[in-house]
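Both complexes below contain chain A, partnered by chain B and then by chain C.
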Partner chain A sequence: MKSLEELMAIKNKMADRVAVRTSSGNTRIVVGMATCGIAAGARPVLNAFVEGISEAGLADDVIVTQTGCIGICQYEPVVEVFEKDKEKTTYVKMTAEKAKEVIEKHIKGGTPVAEYTIGAAQL
Partner chain B sequence: MIRSHVLVCGGTGCTSSGSRQIRERLAEELKAQGLENEVKIVQTGCFGLCEHGPIMIIYPEGTFYSRVTPDDVHEIVSEHLLKGRIVERLAYTDTGDEEVKKAADVSLSDTVFYKKQNRVALRNCGVINPEDIDEYIAMDGYFALNKVLTEMTPDDVINTISASGLRGRGGGGFPTGRKWSFAKASVSDKKYVVCNADEGDPGAFMDRSVLEGDPHVVLEAMAIAGYAIGADEGWIYVRAEYPIAVKRLNIAIEQAHEYGLLGKNIFGTDFSFDIHLRLGAGAFVCGEETALLTSVEGNRGEPRPRPPFPAVKGLWGQPTIVNNVETWANIPQIILKGADWFASMGTEGSKGTKVFALTGKIKNTGLVEVPMGTTLREIIEEIGGGIPNGKKFKAAQTGGPSGGCIPASLIDTPIDYDNLTKMGCMMGSGGLIVMDEDTCMVDMAKFFLEFTVDESCGKCSPCRIGTMRLLEILNKITEGKGELEDLDKLEELANYIKAASLCALGQTAPNPVLSTLRFFRDEYIAHIVDKKCPAGVCKSLLQYTVDTDKCKGCKLCMRNCPAGAISVNPGQEVKEGQKLPYVVIDTSKCVKCGACIDNCKFGAIYKK
Partner chain C sequence: MDELSLYVLDITMNSVRAGATEITITLREDGEWLWFTVEDNGCGMTEEQLKKLTDPFFTTRKTRKVGLGIPFLKMLAEMTDGYVRVTSVHESVSENHGTKTEAKFGKNHIDFLPLGDIVETVKTLIQGAPSIDFTFEHIFDNGKVELSCAALREMLGDGISLSEPDILQWIGQYLHEQYDELGHPAERL
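Right, the complex of A and B next:
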């Protein structure tokens, strides 16, 4: 170890790996992972969120987690986004591609992707 | 891509309740359910809530599972990790907070046990994998060492530590910065830095937890001190009874060497530092610094008079600083966050936080770290969850065999060095033994004195002979043979021992006697005058009595009494609902074996 830069490099390399434990969790992305969700393809959605958040360098603030059945099984995979002091957003019939878009426009950009939300799905 | 971390405690407490088997089962289950690439298992150090071990925490949710068994692992994996459903029956709920109890996700930081704490020395314990230096670096590890070597002069370092107000966490509470400045001022071409990890107080285990949970923090802090005082060599004196701590220290030293964070020319500067381990055989006296240094040198662990203090003449005759594990654990953060940050916590004369090992009659046995000045009531009733079985709090012993007791009437005193001294106690290493109404204070003083009599090294006579004589008087009192003048003798002798002993072991050994005499003199008098033990502990003073209302006269006790001390009282009137006359116990024949109580089906015999 010769310099601060080397130490910093290790810290940065590790940041993603420990962020799961230290994240502030100001924003929580919750993927419905009950039997119905998994059958409808929630796992690739979950993984897309985990990878996308990490690549975007947002892991310090955003946690990606899972929950059980929300009760609208015909609309699975369902993803809910909880932001501090804001209304929650519920996305339905999600895919890995849509997940990337949500990260880009909603999590980074701050504007929910209206067309994928439960409101647009005409219950 | 890892989306979830499962932290399993690998501290001594949870290891002995089977956490290793849990980790193994977890690895098998994750593989079986195809999650091994999504979920990572992390072995950590102690979380502090040892009472509820083995402990498992699942991130990112922070769900806190307690008393997990290997058979629970399948359910945790298939429910929580696969489907995201929290296994409610294993989630820790004893928070005392109804709101939190009802919440679906029971998170660690929401529990009363953790909410009230402020973790500085323990900040990485239960958070990182202690066997992976990268995780320590991820938590800003070794950045303080870098800052010291590249931006600060040795005087800057010492001034920062002095300004922070940090005092030694091992017993005496000596200001750390001043100790370092003495060692820096000593002129010598060889100096040493020593870590005192000879944790010997019964009931204290914070040093072990730091070494097991965050070993690198001690290495980093020792290197910082080495730079500050001009030493290039460090020694850690650790008990051989702490095998997990020893193993992790060895791993940590090796990893630090690989990274060049120990060894020659650290961070490209001309500062070099190396650390060695010395295993102690577990003699209590070796926690005393001069005895410890003698033991490191390979001699029999006996103290010597001070001065000269180790800062002038220590290990192998060279200037040496000796600090306790918990003191070391505070250093890197003081350097990184500044003296003001540290000094903003605590009270006037005691800055920062203190780790307490909560044991005895308390619901949440474990380690807690709170700012100095927190009251005993907050520690015991809120964080500790109170006294089990609805019993009443009677007293708490701080500082183990060197300390004293705090009675229930002083439960609202803010705990810091100075207030404890005023009460005739001491901080010691931070062992906090909680006692309820069933504890006899005379018996308690006797217990600690038996410990010091065993552990006295024998070098000086006030300690060797004096503590033995004290114990004999206490034995006499608990056997019901005491006289009132014994109390004066106890006090007189105790004060002589305090004044004349060579080292802190003898100087503090009478404290449990003096402090119980001060706060619980009436219990001593009850033993001596009434020949009674109010708490019902001292066997010789107990009397077995028959509750005549409950006794049915079945004579089962009579048949089981080995001493023939029980007989039916003829001539006594038979009460209504009673078929036979009740029995009586002849106390002159009774040997107090308890067979009558064990055999009575009606709970009619009791001891008082």
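Right, the complex of A and C next:
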């Protein structure tokens, strides 16, 4: 099968890259993937972050991970961004489109997208 | 949730949270029925937990007071003349502990929810828990689609995580290629 050859090519390419990787990421993007998150649309949000970070060439510095329910189900999909030496940013009611914007303005540009944060959602 | 594949994701997340190291997801369909089974070697449930499983006001979580995963699935399955059956052996009872969830859905029933993007569900699970040995099988009458994380890991060696974006993308293509070859193209949403 053609696909298995492609996997070996990816393996060889990655062996070099993984070896030179210095840190385990300065930034962590955490997506809530419990029942509440999944029901509210977290799967495409997670996917948008995974693919967007990879396409932006930031995969060595930014880690995308999943977590369970943090107790604010009505605001799902919830995404938390942890940056080294900075305060945590919590985004609520996320979509794949908003995720792309967060990558562009916050992760690449350094400025959180205030209108999507929990502070702007008027608790 | 508007796709059955999201329920598969949700139910399998229970196995991940139960500390499973091996999780097998099997889907099987014919013209009339779709079955799915998720079987894990996680901590399992006590008899008391198992009894309360379909009660929406029971959850082991500390962050909220409701648990809708199984009740949702049960409702959906029963609406299509199907069922949900859960069997479990708690770790305090036997070394062979774990949980098995089986669900059956009537495909021709008006309330049947389309499977949706099952490939994305598999990728999401691997992304979140790259060290778990997921086995995925989707059986049709003319063959099956399959993926074994243990086999992939053996091919890739220890240094490369299955959660690497390039690997996840490959896994997606690999599954879609198998679905296409069987003449059952999977949805891409």
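Everything below uses one rule, namely that the second predicted complex is superposed on the first by the 101 of 123 C-alpha atoms of A that agree within 3 Å, B and C clash if a C-alpha of one lies under 4 Å from a C-alpha of the other, contacts with A are read in each partner's own complex, and residues count from 1 in each chain.
Everything below uses one rule, namely that a contact is a pair of C-beta atoms (placed from the backbone, for glycine too) under 8 Å apart; a residue touches a chain by one contact, two chains touch by 3 or more.
Only a predicted model underlies this, so the values are computations on that prediction, with no experimental measurement involved.
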| item | value |
| --- | --- |
| First, second, both or neither for A:T65, with chain B first and chain C second | both |
| First (chain B), second (chain C), both or neither touched by A:V50 | both |
| Which of chain B and chain C A:C73 touches, first, second, both or neither | second |
| Contacts of A:A120 with chain B and chain C, given as first, second, both or neither | neither |
| First, second, both or neither for A:M14, with chain B first and chain C second | both |
| Partner chain in contact with A:G32 - chain B first, chain C second, else both or neither | first |
| Interface residues of chain A shared between complexes with chain B and chain C | 1-4, 7, 10-11, 13-15, 18, 33-35, 38, 46-47, 50-51, 54, 64-66, 68 |
| Contact set on chain B toward chain A in their complex | 1-5, 7, 38, 40, 59-61, 82-85, 127-128, 134-135, 137-140, 142-143, 146, 150, 259-261, 266-268 |
| Of all residues in chain A, those that touch chain C in their complex | 1-4, 6-8, 10-11, 13-15, 18-19, 33-36, 38-39, 43-44, 46-47, 50-51, 53-54, 59, 64-66, 68-71, 73 |
| Residue ranges of chain A touching chain B (in the complex, touch as defined) | 1-4, 7, 10-11, 13-15, 17-18, 20-23, 25, 31-35, 38, 46-47, 50-51, 54, 63-68 |
| In the complex with chain A, residue positions of chain C that touch it | 1, 6, 9-10, 13, 17, 61, 63-64, 67-69, 72, 120-121, 123-124, 127-128, 152, 155-157, 159-160, 164-170, 173-174, 177, 189 |
